[in-house]
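Encoded as structure tokens, the structure appears first; notes follow it.
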Amino acid sequence: MRDARRYHMALGLLCAATLILFCLSLLVGPAGIGFFDSLSALFSERRDAIALIMREIRLPRALLGLMVGGTLGLSGAVLQGYLRNPLAEPALIGVSASASLGAVLAIYTGLSTVFPLALPLAALAASVVAVVVVQAMAGRRGSVLTLILAGVAVSSFAGAMTSLALNLSPNPFAALEIMFWMLGSLTDRSMTHVWLALPFMLAGWAALLTLGRALDALTLGGDTAASLGIDMRRVQFLAVFGTAASVGAATAVTGAIGFVGLVVPHLLRPLTGGRPSRLLPASALGGASVVLAADILVRVVAPERDLKLGVLTAIVGAPFFLWLVWRERRKVA
Amino acid sequence: MPVARKGRSLFALMAAVPAFAHPVLPATAAPAPRRVVSMNLCTDQMAMLVAAPGQLHSVSFLAADPVSSVMAPQAGRYAVNHGQAEEIFLMQPDLVLAGTYTTGATVDLLRRLGIRVEQFAPENSFDDIRASLRRMGDVLGQPQRAEQLIADLDGRLAAVKVGDHADMTAAIYYANNYTSGSGTLIDDVMTKAGLVNIATKFGFAGLERLPLELLVLSDPDLLVTADRDYSAPALAQQGFEHPAFRAQAALSGAVDLASRYTICGAPFTVEAVRLLWQGADARKAAPK
Amino acid sequence: MTLLSVAHLSAALGGRPVLHDISFAVGPGELVGLIGPNGAGKSTLLRAVMGLTPATGGIVLDGEDGRVLTAARRALKVAFVAQNRDVAWAMSVEALVALGRLPHLPRLSPLRAADRAAVDAAMRMMDIEAYRERQATALSGGELARVLAARALAQETPLLLADEPAAGLDPAHQISLMRTFRSLAEQGRSVVVSTHDLALAARSCTRLILLDRGRVVADGTPEAVVTADNLQSVYRVRAYFGEVEGRMIVLPLDLSERT
């Protein structure tokens, strides 16, 4: 089948791109360290400044780029498949904003300093609430419109509550960190963050990756999927829990990065023959590539400015989103 | 994002007054003001030092915050204001003291209501501190008290044995990875303590971001941290918990400098010089 | 022996009763046409049998209690062509028909030779082999209807339920669809089809069940169910009845007088 060959080639290219971008991410930084120097510092037993920079600053940054990007791509693909809607995305339906709120509450109340796991757990709980609320408002056969409206409502509310929590904090810096929570950044994240997020992301990925067949069947709607032996309640649980766990953990350590989960599945869908099951791994790799690339660009374009990642992803993603909405509208008309 | 850069310091300054200072009029001929309201953390503290008893009526709420204000205990003796035109007008002051970095609207409004407003620029060096003290003495009609404070300051500065730590480097690290380059008060503080500010080696002037990578690479002899002392957590302080930062802090000597000594330039800023000098001394005694 | 038996089935939608005490049984070899006016409960009945709508009463599918059957196990016994023909993604026709094989595939397994054969056979039966590579979202309504029917055929279940599968098809494909269903029945399977096309149902089905306001009004051979009286009382139409090549012809003509 020609379809399958094209798909496998796309997967191979995405793997290569992700790998290259991961390595590039390790090599880019204000301290201009040479190629071989940096790689040897990463793998040797050295304990000098360069080794410290590579292992404690750049490695966690690249790893988080990989993990967070993969999470966003994967969850975007799953949400689109599950809600049968190309406009679904963790940020758009309010999951990211809610996870931010959960994380903000855990951090700024000081809870996470006492009990570090409170951070990903709070983000997870808040994202579950967001998905459930959006789904309840949009209904089983929710139209594009109700879904987006519900997402906007949940996002705005969570965003406002985040701002409120940060403004009320007695720490004067807190109010300035709204940007981080709304736009996301990988700057100076450490291995601590990697270890904190990884178990939740792994659990989330495991849940989401089992959904391939169910999402394929859902192409024909919930009734047909159920008639094909898909346990819809299980699918709902796995989709909601998997998204909440992985996106929650990602947002808890890097803030909300928008549009990746929207754009990536969309661009890759044609290469997968429209099959959601094939889209899952492709979209995870694509998401990782996009976030790694964006994070490299942030460092190359304006190294002294600490640009937020979400700024870059929105510059590409927002016009794309508008185009999608326009196309959807035409289809409905 | 000037606020993010300066962190608490600018934040504190902004909580009070306007951007476009009117030309400063010599305040000599006028009789000494009798009911003075200060609406900026720095003018608060300087006025508390210079004013005669009963002359200063109100200081800003920040003056009572022990994190930002050295003179928090004394601030309790005065009425508190929040830098809003209405409350200040109701206090019926004959002189309002403000900084140059805050809401122009408030100052303009007060001036239109016929209140005399004197604005003070933030001090970026010990010379600035002397000039501000002198001017504060003039506007409050207390020139002798100001001269006394300046003499005091010079005496304490002279007591620091400059030259003991020749060539020792230091880096100041604020929340959000900001550092101070040339032309800043902390840079002058470092110089007075006999240290070379690493930020000037990078050619930094004013507040600039110093990426963690570059800090590690520059490997200063003394790592000075500020903005660490907040009761509530924020991401801004997470940089101080970063493994790479902690590793570097363990390599360098580390001094935590309470930001209240350097947010405002005042006679008490000498305390910052003494703390750095002390840290450098300890570092010299126990090198890497 | 029955493949499907429904006993005293009742169901409500949004608090409004839709089905009242419905009982019938379908055995192998039967092609049952489910007819009745709009809102009679045809779709709800099919959905209730599929476990998609909550209902009270008994449902037995191929000897097993439909109420405790897992979704995976039910999928091996009964296939369902839903009325909703919305296809979410631009999937190829072949991939879409192959979805019918999901219940048979072991975990993570790709399509095996037997699955491919079933998919090919289903596409041949529905005359869609020519579109194999085309995207389902770019098909006409009638073409898509045949693709979706082929998807259910590929499931190769003893029982097939189809909710208005013939709607939107051209006459040739309507006839060939019903002929396919008939031949499945002749192979020993059971097919239940809901339809508004009385003529098509009367001509093709071995048996008709007439629903009206949630109740079974008539159940039997086309000749016994499609009578002037029933059309008059249930559909409120007058019809022309005839016979061509030994088979019944019915043609609704006009609204009947209110009685």
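Think of it as A, B and C in the order they're written, each chain with its own count starting at 1.
What we mean here is this: contacts are C-beta pairs under 8 Å (C-beta built on N, C-alpha and C of every residue); 3 or more make two chains touch, one makes a residue touch a chain.
According to UniProt, the chain labels map to these proteins: A = Iron ABC transporter permease; C = ABC transporter ATP-binding protein.
In this text, all values refer to a predicted model and were calculated from it rather than measured experimentally.
**Q** Moving step by step between touching chains, how few steps can get you from subunit B to subunit C?
**A** Minimum step count, subunit B to subunit C: 2.
**Q** What is the chain whose Cα centroid lies farthest from the Cα centroid of subunit B?
**A** Of all chains, C has its centre farthest from that of subunit B.
**Q** Quick one: subunit B and subunit C, Cα centre-to-centre, how many Å?
**A** Using C-alpha averages as centres, the distance is 82 Å.
**Q** For subunit A (Iron ABC transporter permease) and subunit C, let me know how many angstrom lie between their CA-based centres, rounded off.
**A** Averaging C-alpha atoms per chain gives centres 43 Å apart.
**Q** Can you work out the whole-Å distance between the CA centroids of subunit A (Iron ABC transporter permease) and subunit B?
**A** Subunit A (Iron ABC transporter permease) and subunit B have C-alpha centres separated by 42 Å.
**Q** For a test of understanding, state which residues of subunit A (Iron ABC transporter permease) touch subunit C in their complex under the given definition.
**A** For this pair, the touching residues of subunit A (Iron ABC transporter permease) are 3, 81, 84-85, 213, 216-221, 223-224, 226-232, 269-270, 273-276.
**Q** Write out the stretch or stretches of subunit A (Iron ABC transporter permease) touching subunit B in their complex.
**A** For this pair, the touching residues of subunit A (Iron ABC transporter permease) are 29-31, 49-50, 52-53, 56-58, 107-108, 110, 112-113, 169-174, 176-177, 180, 188, 190-192, 303-306.
**Q** What residues of subunit B sit close enough to touch subunit A (Iron ABC transporter permease) in their complex?
**A** Those in contact with subunit A (Iron ABC transporter permease) are residues 1, 3-4, 7-8, 11, 175-177, 208-209, 211-214, 216-217, 219, 227, 230-239, 241-244, 247-248.
**Q** Which positions of subunit C touch subunit A (Iron ABC transporter permease) when the two form their complex?
**A** Those residues of subunit C that touch subunit A (Iron ABC transporter permease) are 47, 50-52, 70-76, 78-80, 82, 84, 86-92, 95-96, 99-100, 102-103, 105, 135, 148, 151, 155.
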